[in-house]
Structures are given as structure tokens and as C-alpha cells.
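Across the two complexes that follow, subunit A remains constant while its partner is subunit B and subsequently subunit C.
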Partner chain A sequence: MLDLIAPFFERLYETTGLNFSPFYDQYDWNRFVEGMWISLKLIACIIAVSLVIGVLGAAAQSSKNRPLRWLVAIYIESFRNTPPIVQLLFFYFALGAITPQVDMGGWYEPVIGSFGWSVIALGIFGGSYNVEIFRSGIEAVPETTVEAAESLGFSGLKTFIYVTLPLAFRICLPALTNNIISLAKTSSLAYVIAVPEITYTLNGIWSDNVNVPEMMILLFLYYIVLVAIIARAMAMLERRLALPGYGQ
Partner chain B sequence: MTSLKTLAGSIALALIGSGTAMAQDAVQNDSFEAVLDRGVLRVGVQGAFRPWAFRAPDGSLQGIEVDLAQSVADRMGVELEPVVITSSNRMEFLRQGRIDLLIGGMSDRPDRREVVGIIEPAYWTSGPTLMAREGVISSWEDIEGKPVCGKQGVFYNRIAEEEFGANVVAFGGNTEGKEALRAGRCVAWVYDDTSIAADIASGDWEGFEMPVDTVFSNPWGVAVPLEEVDGIWGAFMTGMAYKWHADGTLIELEEKWGVKASPWIAEMHESLEYDDSYLSN
Partner chain C sequence: MNRLGPIAAIVPPALLWSAPAIAQQTGELRESAFATLVIWMPFIFEGFVLNLLMSVLAMALATITGVILGFMQISPSAILRVPARLVTHLFRNSPWIVILFAIMFLVPFQVTLPGGDTVLVPAWIKATIGFALPVMANISEILRGAVMSIPSGQWESAESLAFTRGQTLRHIILPQCIRRMLPPWMNWYALLTLMTPIAAVLGVNEALGNTQAAMEAAGARPEFLVPFYLFLMGIFFAFIYPISIFTRRLERRFAAVT
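This part shows the complex of A and B:
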């Protein structure tokens, strides 16, 4: 790959001074590819965690158990009301210091590394929004539909899993898309705890080569393309799940 | 239509071409006048690097870099406005004209000379070394394949990775990077020997040591915008840099801020010290 494009970008640098070093320097190329790969993994994990939390939280919120509902409310208040960067630093430096570690002789291999902490922190952060998004969907499911399910002999849990949740999911999909896109972008904050994702690696590259504007352009394009793909995929999902005459 | 596009394209290319050519060739002399007109000299300094530039308890910036910046401002008869920069944005700040001058612990490297106007002589030197828990590291080879904490934007992170095979985990600031070392998240902290020596001397790092030699020593240069390095501003700052060595300013600053005396600074002082005995005759 690099052999093909390297001559062009080397010439571009010589003639115009535009230094896209990842496209001709093997070391920077490896960093760039690795950064993109870790960024994609990070985004996928964060979104997955946030969705699971969103579903569980929304289910707990509509439960009859009052302390459980309170717990969810406290969770939402504390994680929706604090900036994600603060949460990352808190989890990594404060909680990370008291979690189990394996002594490697001079340093400790933490059971949860910086990648793990960012998935936890940002997953919980995104999840706090998802709880509210799913709740809005659940509340929009007509009472009569739930009653109809109950009349067929569905238990409360079964009604939630087979009737309420699928319908709620369709209703809240546009809001969910917004939050997922926002989470994909927020993943770049993980660079503050040194997760070698794309922002971190490009920051390393521009610090070494002093090609700040070029790498900023690359970073900008990366997120534009990535978010466009996510948005397109979510729009497709919306179309696939559309129910004629329902919420249209 | 095609020809119109080609025409537009070649005009654009010509404009870009002439722009870069101008930037590289023509010496500009804006900064010096601009500073005098404004009455304020904006100097980029590091904000959290004791004793070079750091926030004092009263919120003001202090340190060696600030003192050097003040001497420039005094000489020009203007006010000093220190601007806090980071390793990864400082050259961009200077390029964009957000600061007039950069005194920010910046190593003089060939690739940097293509971006900013680095002034000779340098005012300090330092090189990369490691800080680690006592007894853990005995040579540079010991960091191979292990996590080493670093700071984002420091050029020898790449050296630690490429030459010594370390896995550098770089943080945004010194404090976070060193905190990660303290928490045992990495086997060592790779940074300037001057800074590490100051940390260990501060007494806050009981049980830590500087176990390996500095790989090489790099001069730290003051920088002006690239197109002004051969102009008035560059010449003036070159004069200031010689003066700092010649009149012993740098040695005084070492004493004032409790930095271990550098043999290089002493040598520079000796070779540049001017003889003013003829004035008394």
C-alpha cells in the first residue's frame, strides 16, 4: 500500500511543503493505521456498552422497585451532568489506582488498562443518555398496546422484551442515532488517558514532524467519513425497521 | 469548460507556489515594530514546568523562561505578557502570530528549523533520560517491550520506541505522565534530564532514581517567526541570546532557581565573556 502512494506524497512534500508523513514514512504509517484500528474498536465497544446500559437502565426505570428507580436516577444525574473528560480522568487516575494490578517487576499490568477504562467511562457516559432516550421511546408506546399484550397472557417482563422494547426502539431511533454519533466523536477524548487512538497517534505524528495543519486535516476527514458511515447505517436501519402507519 | 478548470487550477497552483516562495525567501520585519507599537511583548512559555515556567501560588507565571522573557521586554521598554503554550501547539502559535517569541524549552532540531526561526546561540541544553523506581532499570535496553510513560509532543518518544523498543504511553501533561509512573502504570518516565534531576532534587520522588545516562544533549533555542530569523527581530534576539551567556544572566538564573550548574553554560560564559577593562582607561 505504502509503496504505491509514497512517491506521490514525498513529491508533494518536496514541491508544496505539504507534509502528509503517514503516507510515505513507514513508522508514521504504522502509527496511523494502528490509531484508526484502535479508534474503531473503541467506538464499537463504547456504543455496545452504552446500548446495554441504556436498555437495562430504561427497564429498571419502569420497574416497580422504588430504590432501583432511585439508583438509576442518581446514575443519570451523576454521569449526564459531568463532562466526559472529567469522567475519563476520574476513572483512570482515581478508580484505576485502587483496582487490582499484576506486579510485573517495576510496573503493574493493571487488570483494566486505559482502553478498558475509556470503554467503561464513555460507555457509562453515553449510557446515561441512552436510558433517557429509551425511556422516551417506552413512554411513547401506547398503553393500549401493552394492555393488548397483557390480555394475551404475556407477563410484565415478556411484554417489555417482546412488545414494548421493539416498538420503543423504533420510536427512539432518531434520538439514538444522534447520541451514537456524539459518542463516536467523544471517543477522541480517550487520548487524555493515552489510549493510542487516532487523535492520540496523529498528535504524536504532528509533534514529531511539525506538520500540524496537515494532520489536523487528516483527523477532520477521518471523523467526517466515519460519522457519515455511521449516520448512513443508522438511516438504513430506520428504513428497515419502519412499520407502516406507526410513528410515521 | 475543461480549459476553464485547467486555468483556474493553474492560477491556484501559481498562487500557492508564489505564497510559499515568498514566505521562504523574503525577510519580513513586522514583529519588532509591532511589539513596540503594541507596547506588549507576547512570549510563549511552558506553564507547568518547574523551574522553567510555572504558576506561582498567586497565579502569576514565574521561572527561568519568564525571567528571560522579562529581560527581552525590559530591553525593548515594553510590557511582558507570558502566554502558556504546550509542546504540541507552540510552533503553531508562533507561526500564526499569537505570540511574538517562543521561549519554551524547545530543542533545536533540523525539522523544526524549517517551521520556526530558531535563534543561536541556544540558552540551555538537555537530553532524554529516564526516571524509574529504584532498582528496576539499569540500562536503556531494559525498557524494551515495556510501557514507558512520556509526554505528548516530545520528540524523543519516537527514539524510545524506535531505538529502544519501548512502548511509549504519552500523556498531555508532565503531571499526568509522572502520576502514571507513580501509580506503576509504566516502568519509567522518559523526559528531559534537567526536569527529572529537578524532580528528584525536590524530594517529592522518594524511592525513584535517574538510572541511565542522557542519550545525547540537545540545545534549547528561543524562536522567532521563520521569515524574521534573518531580519531585525532575529538579529535582536541573537544579540539577547549572546548577552545572556556573556553577562552571566544564565548562571545567575541557575543559582536563583536552584538548578544544578550546567558545564555547558559555564563554558559558554567563559568563551563569550567580554572584556570591558578598556573602558576604564
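This part shows the complex of A and C:
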């Protein structure tokens, strides 16, 4: 792959001074690819964690247990109304200092590294939005549908899993798409705790080669393409899941 | 509304709960982490004032440019529409920190005035511009969405009354849009304020930068981390939470009317 494009970008550098070093230098290429891979892994993990929290939180909010509902409300308000970057630093530095260390045979390493903490912190942050999104979806499921499930002998939990949740998921899909895209963008905040994702690795490359504008273009391009892919995938999912005669 | 009632009461104690827990750990240094925090509070607040200043300036800049960009997006001429659409998409789909990096590195750190003097551009001003760009793109999109959501009958009846396009926009469409735009506009202000600590990464001495500097100056003991960061989150919470409650109330009121 690199052999194919390297001559072009080398010539581009010689003739115009545009230094896209990841496209002809093997070392920078490896860093660039590794950064993209870690960024994609990070985004996938953050979204997965936030979706799980969203479903659990929405289920807890529709329960009859009042303290549990308050607890979820406190969680939502405290994470939505404080800066995500401070949350990330708090998790990584403050809680990371308290978590136990494992003996790696000579040296000690924390159980959860910077990647793990950024998944936890940003996952919880994104989850606080997802709870509200899922809850609005659940509230939009018609009462009569739930009653019909009840009359067929479904228990409360089974109604939630087999009837309410699948319908709620379809209703809140547009809002969910927005939040997933915003989470994908927020994943770049992991830069501040030195997770080697794309922003961090490209920063390393532009520090080494002093080619800030070129790497900036690459970074913008990466995120725009990523967001376009996510948006397209979610639109496809929406179309696949659409129930004939239900909703618009 | 009663769902939110208890939170205001619970959060301040939550800020304090960390202090005794830390003091227990350290034994002879009882309460010292919390006492240190009290000493450094004014310094952190000083930083927070800069956060507020950056958020207000960035919001003003974003509102003005965003509205212009929004009008360009709904303009009938493609020369205005296409570039506006591109700019909006570029800044809507890029992370805050990336836009901030771009502004920090690509905008010169000093400018030459027409008189020949060179003036240094402070980092916080560049950060303010960096924060304004994503909000600008979103306000542009909010304006476009609001204009689109006005029923086409309004346009047609205005046309039948011989209003020009400009008159229709100014006297008929925009008055209806402002009400729809206010809640999302406030949401974006809250989000913008929550993003301002990112400027600390680039060396602006706002609340997060000052908190970290204070922890360093006080001896960089690990037991500072929890109370200092919780205090910082507490300041932001105290400022943002009332705004988000007010926004939600507005949203509900406007939703009930229309």
C-alpha cells in the first residue's frame, strides 16, 4: 500500500513542500495506522459502554423504586452539567491513583490504563445522555401496546425486553445517532490522558516533522469521513428496522 | 420537576465527602488536603472567571457569525449556499479539541497592525475563536432548521401580500423562528462553557489550568486530586445546572404552545 503511494507523496513534498509524511515514511505510516486503529477501538468501546448504561439507566428510571430513580437522576445531572475533560482527568488521575496496581514481574502497572479509563469516563458521560434518549423512547411506546403484552401473560421484565425496548429503540434512533456521532468526536478528548489515538499520534507526527497544516487537514478529513460513515450506517439501520405501518 | 428537586441539596455535601475520606488515609495530615483547597479556592475562581469570559465572548462571536452563515445556507443563490454548507459541515463534524489545535497552531501568535506595531495575540483569545467555530456551525444549522420548520403556507401567503423575500424573512419568518431557536441556543451555550477547560491543554490559565497549577504549587500530593477536581466540577455544575433547568422549562413551555 505504502509502496504504491509513496513516490507520489515524496514528489509532492519535493515539488510543493506539502509534507504528508505518513504517506511515504514507513515509521510515520505505522504511527498513523496505529492511531486510527486505536481511535476506532476507543470509539467502539465508548459507544458500547454508553449504550449499556443507557438501557440500564432507562430501565431503572421506569422502575417503581423511588431512591433508584433519584440515583439515576443525580447521575444524569452531575455528568451532563460538568466538563467532560475534567471528568476524564478526575477518573484517570484521581480514581486511577486509588485503584490497585498489579505486579508485572519487577514493575507495577495500574489495573486500568489510560485507554481503559477513557472508555469508562467517556462511556459514563455518553451514557448520561443515552439514558434520557432511551427514556423518551420508552415513554413514546403506546400504553395500549404494553397492556396488550400484559394481557398475553408477559411479565413486567419480559414486556420490557420483548415489547417496549425494541419499539423504543426504533423511536429514539435519530436522537441516538446524534449522540453516537457526538461521542465519536468526544473520543478525541482522550488525547489529554495520552491515549495514543489519532489526535495524539498525528500530534506526535507534526511535532517531529513540523508539518502542522498538512496533518491538520488529515485529522479533519479523518473525523469528517468517520462521521459520514457513522451517519450512513445509522441511516441504513433505521431503514432496516423500520416497521411497516408503525411511526411515519 | 420533582425529579430534579433533591439534586441541588445533595451535590454540595458530595463535594465535602471526599475530604474526610482522604484525611483518614493520610493519618497525621488530617484535613490538610481540604484546608489546602480552601487556600487555593480564590485562584481557581480567578481561572473560572476567564472560562466565563471566554464562553460569553465565544457565544457572541458564534451567534453573529452563525446567523450570517445560516442565512447564507438558506439563500437562493448557490454561490452563497454551497460554501456556507461546506463550512457548516466542516465545523459541525470535527471535535472541539481538533478545531482548537487548528486555531492555536495555524493562527499567528502575533499580528502586525497597520501602524507597523506588532501585537501578541493572547492564547485565550485564540482559544475563544476556536470555541466559537463549532458553535457557529451549529447555530447556522439551528437557524436553517428553524426556517425550514415554518410551514410553507406562511411564505405563500406573504408572497400573495406582495412581501419581498427580505421582508418575509424579517417580518414573518424570523419572529416565529426566534422562539424555536432559543432553547437550542441556550443548550449550546451550556455545552460551550463545559468545553472551555479544554483550553488548559494549550496553556490558557483558566479554571482547569489553575487547578492543576494549584495542586503542583501545594506540593503535588496525590490526595489533592479528588477534592480539587471535585471542587472544579462543582463550580461548573453550580453555573450550568440552573441554565439547563431554565432551558428545559423554556423547551416545555414552547412545546406546549405550538
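Here, the second predicted complex is superposed on the first by the 243 of 248 C-alpha atoms of A that agree within 3 Å, B and C clash if a C-alpha of one lies under 4 Å from a C-alpha of the other, contacts with A are read in each partner's own complex, and residues count from 1 in each chain.
Heads up, the rule we're going with is that contacts are C-beta pairs under 8 Å (C-beta built on N, C-alpha and C of every residue); 3 or more make two chains touch, one makes a residue touch a chain.
Predicted, not measured: the structure shown is a model, and the values here were computed from it.
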{"item": "Room on subunit A for both subunit B and subunit C (clash or fit)", "value": "clash"}
{"item": "Contacts of A:Val86 with subunit B and subunit C, given as first, second, both or neither", "value": "second"}
{"item": "First, second, both or neither for A:Trp107, with subunit B first and subunit C second", "value": "first"}
{"item": "Partner chain in contact with A:Val192 - subunit B first, subunit C second, else both or neither", "value": "both"}
{"item": "Contacts of A:Ala97 with subunit B and subunit C, given as first, second, both or neither", "value": "both"}
{"item": "Partner chain in contact with A:Val212 - subunit B first, subunit C second, else both or neither", "value": "both"}
{"item": "Touched partner set for A:Asn203, first subunit B, second subunit C, both or neither", "value": "both"}
{"item": "First, second, both or neither for A:Ile74, with subunit B first and subunit C second", "value": "second"}
{"item": "First, second, both or neither for A:Gly17, with subunit B first and subunit C second", "value": "first"}
{"item": "Which of subunit B and subunit C A:Tyr223 touches, first, second, both or neither", "value": "second"}
{"item": "Greater subunit A contact set [subunit C / subunit B]", "value": "C"}
{"item": "Residue range of subunit B overlapping subunit C upon superposition on chain A, of 91-99, 181-189 or 271-279", "value": "91-99"}
{"item": "Common ground on subunit A, meaning residues reached by subunit C in one complex and by subunit B in the other", "value": "93, 97, 191-192, 203, 206, 212-213"}
{"item": "Subunit A residues touching subunit B - in the complex, by the definition given at the top", "value": "16-17, 27, 93, 96-97, 101, 104-108, 110, 114, 191-194, 200, 203-204, 206-210, 212-213"}
{"item": "In the complex, subunit A residues that touch subunit C", "value": "69-70, 73-74, 77-78, 80-87, 89-90, 93-95, 97-98, 181, 185-189, 191-192, 199, 203, 206, 212-213, 216, 219-220, 223-224, 227-228"}
{"item": "In the complex, subunit C residues that touch subunit A", "value": "3-4, 6-7, 10-11, 14, 89-90, 93-98, 101-102, 105-106, 190, 194-198, 200-201, 208, 222, 225-226, 229-230, 232-233, 236-237, 240-241, 244"}
{"item": "Parts of subunit B lying in touch with subunit A, wherever the complex brings them together", "value": "16-17, 20, 87-89, 91-92, 111-112, 114-115, 132-133, 136-137, 146-147, 152-155, 157-158, 162, 169-172, 176, 179-180, 183-187"}
